[in-house]
Amino acid sequence: MTSLDMIHRSEAAVSVELQTPDMTLNIGPQHPSTHGVLRLVAKVDGERIQDVEPVIGYMHRGYEKLSEVRTYAQITALVNRIDWVSGFANEVPFIIGLEKLMGVEAPERAQWIRVILSELARISSHLVFMASYPLELGGTTPLMFALREREYILELIEEVTGGRFHPNFNRVGGVKPAYGGGSTTKKQSMDLPQGFFQRTSDAMDRMDTILDQLSELATGNEIIKMRTVDVGVIPGDKALEYGLTGPNLRASGVGYDLRKADPYLTYDQVEFDVPVGRDGDCYDRYMMRFLEIRESSKIVRQAIDKIPSGPLQAKVPRVLKAPAGQVYSRAENPKGEFGYFIVSEGGKMPYRLKIRSTSFSNLTILPWVLQGQLIPDLVAIMGSLDFVLGDVDR
Amino acid sequence: MAEPRDYNDPSDYSKDVSFPFLGLAKGMWVTLKALFTKPPVTMYPQEKEIPVPRARGVIALDVDNCTVCMLCARECPDWCIYIEGHKEEQPPSKPGGKPRARATLDRFDIDYSLCMYCGICVEVCPFDALYWSPEYEYSEEGVSDLLHNKEKLTEWLATVPQPPAVES
Amino acid sequence: MEFFDGFWIQLVLKVAVGLLVILTGALVVIYAEVKIGGHMQTRIGPYYAGGRWGWAQPLADAAKFLQKEDLAPDGADRKVYGFAPYVVMMSALAVFAVIPMGPDLVGADLDVGVYFVLAISSISVLGVLMAGWSSGNKYSLIGGLRAAAQLIAYELPLVLAVVAVVIQASTMSLNGIVEAQNETLFTIGSFDVALPYIFRGQIVSFAIFMIAAVAELSRIPFDMPIAESELTMGYLTEYSGIRFTMFFLGEYASMIGLSAIAATMFLGGYSVPGLEGVSANLGGPIVLLLKVSVLVFVILWIRWTWPRLREDQLQHLAWRWLIPLALVNIAVIAVFKVAF
Amino acid sequence: MSDAPDTTAVEPNPLEKWAISLADRLQAEGAIVEFDTVRIAVARDQWVETIIAAREELELFSWLSAIDWSKDVAVGEGVAEPDELVERFEVLCRLSSVQSDAGAIFVTTLSKDDPSIGSLAPHIGGAEWHEREAHEMFGIDFIGNTNLIPLYLPDDFEGNPLLKSYPLISREVKPWPGDVDVEAMPAKDEDGDA
């Protein structure tokens, strides 16, 4: 429709240039749309942003230092707190790297369980985005629809792992919930609870309904399109230069997904598409996540069909000691490439652990992409990058 | 190296507005339907959700099983378990046997203001003295009240559920 | 009862009853907002206050606000800062003076009622601008400026939409406009059929009026001046306690006010066919209330469904589309008025 | 890397072959492949040129960080053989290809006396924050990065927290609760009422 197209892009530039001093606007760290404690020092001329300097570190917990004084088992409990909306997905690359380092391979059933839970974590993380992004654009209702659905997903994760946000379910060589009980019940209760597959596939069916609702509420909404199409365009080469990964990179037309490019776990045995965008604007980034939920539920359904029975845990020594060596392992977190560079000197603790957290890299492009944008677009662009401050600050 | 993948075509979605105000109207239809749907709300203090059996709510202690081996306190990443004990002479288990020294638990505190609910202590306990209970209602007015001592931890034992059946 | 015939006592009574009704109405709309909004979001909304359905929630909120400390930021221009809420409140309330609720139930039956309404309701811009400027807060300043730009942009379509009605009714008295809509157009059998203006070619004016009214109320999708996710709360950022309550009640009062004006001008106001004489005076307020409720519900419904536009998009909508459309509409109405 | 770069593996597998050829193409000092992780050693003065050249085929700038190889370890575990350790910083930069699973970590060595290196930030925009992080965490100077203000820490913070010699206060203000010794670690053959 032309009428909506006409009013869609800002042409608010005043033809008569007035000499006005710039105003410094301090956005955050307490601000409704900074997802926690991000602070932006913006130089604005009226509504237009001349320059923006993100200030982070309000949630810096020093995970890289903390990891140097923790044993590997303790780090597993720590890493799912980096990006708390997709806790399980953070454990996977760390445990894969550790298994590589120690020469252990997890049994196939454990690997499939990791796939299922990773995808559930991806769905729940994307649902948070589907909830919060329209909220940043002013629409409050999708929030409740998406968060309600996420609650069902989190319940599934909790049912298996015992934790909604922080599963701490991965062990070197397998998966295992920390469940108290007699030695015999401890062993028995390690596997997935009965009826889990049925409940999961029910949840995936319900997901289709909720996605339809969300698309009626938000995706097809003219106002959402007016606010996001052609806003905050990130071209592919810029995205690569700034280290964007995940849906943000794919929105820019670079179809790079580690599940396909460098398959880990059993992702090479499932069939799924990787949605790729074209322009790299906010709407593309929004749609990437929207479409990925569908793909994830496809993967979960296939995994339920394909999962074999068998042991959940490979034999590992009681005291975890990694041999000396340096390994970089990465996985496709809901937000992009999540990697750990583990430097081991042969002890119980790593000598150095570099955490390549996704949101940090995704956020580095913020000063570049926000230049010359309007304040309302700042919110739209920032929200579309889908970062979690815990993941930025580590 | 894996070979370069072929990426599927973009654009199974449209950025154009196909029919003006249709999207807005659809959204209003969704909210109108929601207005006349019963909300899926659990009215918390009156009705409670039953957490799943594996939920990590609070740690229960079985004092009889504890041998004061300190494993949990040592493995705890947050250093939030405090254990004290002493050795006691026990009568011999078999008549004519040697009297044995047995460790007795004097203090077992878990500071829930520090605990990060990772479950490592439960996992490392070799004598099944620690259990997870899904109980979650133990908020306190002060941070210092979150230190649960031996007696309090023992009380939680009653809330530990049976492990659920598993998929095979 | 000579005492009650006195001018002053009548005035005081009218004002007191009016205030009571309007503020109760505002509280009811606030309750409707949270409750309808809650259910639209598959929540329940207020539940405990008052024992049943949380009916007393707005009262409890008001009581809470009244207890709060009246804060003013250090950098605030205190006099202006303190005065701004009352300007907004006054403009919201004064509109009700001329809205007819029955043939004789009108505070002041002005000959230029329409003119009065438009003039008074645009005073609230001043209050908003005062609040934005005096708060000593950059968010408030941007919010205030946005509000000013937005309200000016939307005053024009609002006025032009009303002009079309004034042309058709040939009067600027609101009572006259209602009576014009109550005239019998034609008869089917023994029924005298009178149609409100919305069915008499004013549908475009009505749409323009409602869009402009929502923009003037700064509600979603035009809530850029307060834009919680961008400007935290815009010009309301620094307000708390009783002054915030003033703004809050003022917003809902003017929502009722504008809905009442729309109902009066386009939906036939207090009149329905068949209601005449004394019964019109008795039933009129109820009829008007029903019409207002429908309009208020639509405004709430939109607020809980749609996202927010951008300030420049709103300006484009106003200047490029609504104003030309309103002008064309006036021309068409005028031609029809002259021709028929 | 604690041992010298070794490019002459006995029977190079495809990954090693690729790593060696990449190192050759970039005229780097050598390549190490362990645990599927490719590390390319780069001379310090070639750092910026090599990375820029490598981005021709490894397009995605993934991350940049550093390692402090130090004998002086305040918390945690030190290196396995402290006597043979050469005290130094290693600066690492990871680039990945988006066409395949290829990727490499480029490593260069800085001496502790002069921890400075050319900055990638003017050429790769994404490197700026990573360099700021390495600067405040290790005290490494990136010449050419004009914005080396602290990223995480307060402006008046002193010290470089990720140095091995930097103590972790939280581990010092509180005694380890595991220190109380009542009984030795449980023996396997514990019987009776345990």
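All chains are identified by letter, namely A, B, C and D, in their written order; residue positions are counted from 1 within each chain.
Convention: a residue touches a chain if its C-beta (ideal position, glycine included) is under 8 Å from a C-beta of that chain, and two chains touch if they have at least 3 such contacts.
Small disclaimer: the values here were computed from a predicted structure and weren't measured.
**Q** Identify the chains in contact with chain A as well as chain B, in label order.
**A** Touching chain A as well as chain B, we find C, D.
**Q** So which chain is farthest from chain D, going by the mean of the CA atoms in each chain?
**A** Comparing chain centres, C lies farthest from chain D.
**Q** Please state whether B-D or B-C has more C-beta contact pairs across its interface.
**A** B-D
**Q** Report the inter-chain centroid distance for chain B and chain D in whole angstrom, where each centroid is the mean of the CA atoms.
**A** Each chain reduced to its C-alpha mean, chain B and chain D end up 35 Å apart.
**Q** Centre to centre, by mean C-alpha position, how many angstrom separate chain B and chain C?
**A** The mean C-alpha positions of chain B and chain C differ by 52 Å.
**Q** Taking the mean of the CA coordinates per chain, how far is chain C from chain D in Å?
**A** The computed centroid separation for chain C versus chain D comes out at 64 Å.
**Q** From the mean C-alpha coordinate of chain A to that of chain C, what's the distance rounded to whole Å?
**A** The computed centroid separation for chain A versus chain C comes out at 44 Å.
**Q** Among all residues of chain D, which ones touch two or more of the remaining chains?
**A** In chain D, the residues touching two or more other chains are 99-101.
**Q** Multi-chain contacts only, two chains or more: what residues does chain A have there?
**A** Answer for chain A, listing residues that touch two or more other chains: 3, 141, 145, 148, 217-218, 221, 223-224, 261-262.
**Q** Chain C: which residues touch two or more other chains?
**A** 40-43, 304-306
**Q** Viewed as a graph of touching chains, is the assembly arranged as a line, ring, star, complete set, or other?
**A** Chain contacts: none of line, ring, star or complete; other.
**Q** For each chain, which other chains does it touch, given as pairs?
**A** A-B, A-C, A-D, B-C, B-D
**Q** Which part of chain D faces chain B closely enough to touch in the complex?
**A** 14-15, 18, 99-102, 174, 176-178, 180-183, 185-186, 190, 192-194
**Q** Give every residue of chain B touching chain C within the complex, in rising order.
**A** Going by the criterion above, the answer is residues 24, 27-28, 30-32, 34-37, 39-41, 43.
**Q** Can you name the residues of chain B that touch chain D in the complex?
**A** 1-4, 64-65, 67-71, 73-74, 76, 79-87, 93, 100, 102-103, 126-127
**Q** Can you name the residues of chain A that touch chain D in the complex?
**A** 56-57, 60, 62, 64-66, 68-69, 97, 100-101, 237-238, 240-243, 245, 249, 254, 256, 258, 261-262, 324-328, 337, 339, 341, 343, 345-349, 351-352, 354, 356, 360-361, 363-365, 368, 393
**Q** Would you tell me which residues of chain C are touching chain B in their complex?
**A** Contact set of chain C toward chain B: 36, 38-44, 47, 301-302, 304-306.
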